[in-house]
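Both complexes below contain subunit A, partnered by subunit B and then by subunit C.
After this line comes the complex of A and B, so read on.
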């Protein structure tokens, strides 16, 4: 039974502040993913919870106990590193048993625990091997095993899958998630991959420049992003952002006009956001037209990159997989008017 | 670049053969000379083929006390000095490199440069003050006096520093999470991972220690403390009498053996370390 609470957590290196006051309350057994572009402070935040990085200000509590000053080993955590950090001169067994040996557990218990976890992760046959004789996926599982044998209160993962190939990554993603659910251990998981974040998280924390831009379940964040950054970061391909002006009757996009949904109350110059999957494929009364500039086929669907007059960026539109659209063709751009997002041009906050 | 011109092959092989001959010939002469009796070596032409006195000479060498210290004693002295120097250098430099790489303390860079500066101060340069210090510490004619002033090593410290920098920080962090104290991390991770470097350095330092001449010459007056390298020199200068070439060559042969053995033996560990491919 473990909870984690972060209160106004801050971190500065000399004179640069990299974490600017983060508040997160994590309930027991929750799988929290910290996601954000590279350099936004994900690893730093995770390492502050781990105790590998000192805390400049604020508090981290594990099970309602402030752990700011505790050594990593006394926090009841286990961590899986990006490059696995397996001891190269030890066998898989020794790698997993090392921490337990330092805990001064009796020998029989160590053997039993390692054996159990090895079975759980299907690495029994590698126990006597060195990490250098394992594949990436196997090393990954050993690193997980080393974390699990400690029976920690909290798992911490720092981009654990980023060194695996795409297929293995998808497999491991599911395995980690299943394992975590079965063990019920509260988990903080860092990734820059928004697909990984969406598929694994109970709740997401979207970080930007050391600030939690939004915290919520994956669907909350997808459906209801609080600002332009979150809207653009979550979803693939990213949401289209188009400068536009809203008047009483219409939404004016570079001279081309679209009817204004009646419940949009904002007026003036704003940023319109439309997800690629929120276009309707009908021929009748196209609001705007554009010319297909590039086509990306991913099998189940096709992404059209469309150039429109007076709009700088290409607009990405999703179509079903067998769409026969050709490059150069004129296509209608019909957004689903119920799925429009509007953002303030300056603050980038969501308006509607 | 693979070239197949007979002339190039001929020249490069000749160069190599001459090089090998230059190295092997003196060793051959040493072997030959140590297997003849004293008389034969005073006659010209000098022998180029081994004689039959080898075992006799060995018996004579180990039984006589006419050449200063008995040879087994000076071999032992050399061994003690070389071991103390090489092991001392390794343990001190490995621990100071560990401090410099893994700990953030005040004046860290200052100490780093202090170590660096000692590169410019080998024992030959500071020989008089060092002698003074050793003498006033009462360490003349002792193993400590022979080895301690030679132990500090900037080169080895730098080498270990480079090695440690290649060990990823994640390993240190993983061991911290596993509950290892810094010294545990040092002994359980850093040292095993630097095995091959330690072995390589041991070979170099052992030979360095074994070949010391000037310093032992200065601080030993008791023949029982002479090292084997000194003994050879002493034998050359043994007063009025003719130098005993057969004995000198035999001593030189024994003086060469331990470094050769160390190289041969440690080579196995190198190769093992290299083929295990750990990093």
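After this line comes the complex of A and C, so read on.
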């Protein structure tokens, strides 16, 4: 039963500031994912909550208690590291019992707790093995077990799945999510993988250069990105960004005209954003057209990379899996006019 | 298909390894053979002739209580030097591992003693502890300890141990720091989150993980104490008072070049050679085996 509150949290190394005042309020049992490109400060933020990095300014509260000056062990947290950080010279059992022994729990309780968690994670048969004799997925589960067994108030995950292969990653993603829901422990999870972020999070924090670019549920962020960075970062393949000019009648895209949705009030030179999945495949009255430059087939769908006159970037369009399109073919481009995003050219803030 | 560079000339490879082989032959193999041969000879009192006596020199050593006590003394000296220098080095390394600012300068300063020649290291300590002039003697006198290693054999032993250990601290320090650096930082952090304080972390995580290095250093330090401390002992005590600091390698010199018992001295050096061979074999066997956690 724990909440986490961050207020104007800042971090500087000597004269470079890496975290620029972050405010997040996390309610009990929530699964929060910190996501962003490398170097955005997401790991640093997590380590500040853990107590592994000092806090330059601002406050972190766990259960309404300021923990800025507390040692990591006194914060009631457990952390899973990217490289698992299992103690290589100890068996799985010793790894999991290490923290419990330091809590000075009676021996029977330690044995019982480790046994329970081992069963939960299906690692009972490995308890006497050393980490070097386990596979990546098994090590990952032991690392989680070591966190769970301490019954912490908060789980902290630092890119725990990035060392696993793709299939295992999807599996573990589900397991972690289910486990977290069953245990109901408030969780902070760091990843650079936006699919992981979307699928696991109750709420997402998209970080950029030490600033929280947007905080919200995955669908809120997908549907309603506040700026161009968030719009481009969430969604796969990424949103198309096209320079265009809006006049009273039409939207001018590299010389080709597209009708202006009536409720778009902006005028002038802006950046148009369209997600690849937001094109309509219809033969009638193409708004604009372009030539197919490259095709990516992923099975369920096909992504067309289309070159339009006077537009530098290729426009990515999603079609259903068996579309018969050839490279070099001219295709109509019909954006769903209800799903257009407009961004300011300079501030990159969302206009519409 | 094999990708290997083929030289047409057959002498080139030999030419390239020749310098190394010549140096080894001239400075190691040849003297060792000489010593081996010498150990079977008995010189007459005037050095005019020698007689081939087979293993007589070795038998004599075996029966000589002086030699045996020197053996025990050497063992004590080696373990004391290894223990002291490794203990201090480990302590420094643990501290240096936690230093963030100026770590480079701190480490450089700690490495300097390694560059000091053994005789100079011995002389340095000799001055500090000189019974009449030494500053340490003066301080010890203030707290009521009468220091005179020229008369007191256990003080003499203490002083050579101190001097020999001091010189080796740098070397051990370097290895310990490197070993500690190779431990992933996240392990220490995980232990910190698990609730272990610095001392407990050191005992339960760091120390077990650097144990291969510790074992390696133990062997290296014992070899050092056995063979490389001649200069220190020669400068500080010259084996005295009495024979109290006469370790094996010093006894080889003393019996051979001072006592002029060339055969006996050679026999001692042959025994030392076998000891160092044994230690080296142990060391290589252990290091080549992959250390398993």
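For this structure, a couple of remarks:
Following the convention adopted for this analysis, the second predicted complex is superposed on the first by the 352 of 352 C-alpha atoms of A that agree within 3 Å, B and C clash if a C-alpha of one lies under 4 Å from a C-alpha of the other, contacts with A are read in each partner's own complex, and residues count from 1 in each chain.
By definition in this document, contacts are C-beta pairs under 8 Å (C-beta built on N, C-alpha and C of every residue); 3 or more make two chains touch, one makes a residue touch a chain.
Quantities reported herein were computed from a predicted structural model and do not represent experimental measurements.
Once subunit A is used to superpose the two complexes, subunit B occupies space that clashes with subunit C. Legend: residue contacts after superposition of the two complexes on their common chain; A:77 is shown touching both subunit B and subunit C. Once the two complexes are overlaid on the shared chain, A:32 sits clear of subunit B and of subunit C alike. In the superposed pair of complexes, A:4 makes contact with neither subunit B nor subunit C.
In the superposed model, A:103 lies in contact with both subunit B and subunit C.
In the superposition on chain A, A:246 contacts neither subunit B nor subunit C. By the touch criterion stated above, A:154 is placed in contact with neither subunit B nor subunit C.
When the two complexes are laid over each other on chain A, subunit A has residues 50-52, 71-73, 77-79, 81-83, 85-89, 98-99, 102-103, 130, 132, 146, 150 in contact with both subunit B and subunit C.
Contact residues on subunit A toward subunit C in their complex (touch as defined above): 50-52, 71-73, 77-79, 81-83, 85-89, 98-99, 102-103, 130-132, 146, 150. Residues 168, 170-171, 173-180, 184, 188-189, 192-193, 195, 276-279 of subunit B are the ones that touch subunit A when the two sit in their complex. Put simply, subunit A touches subunit B in their complex at residues 47, 50-52, 71-73, 77-79, 81-89, 98-99, 102-103, 130, 132, 146, 150. On the side of subunit C, the complex with subunit A involves touching residues 184, 186-187, 189-196, 200, 204-205, 208-209, 292-293.
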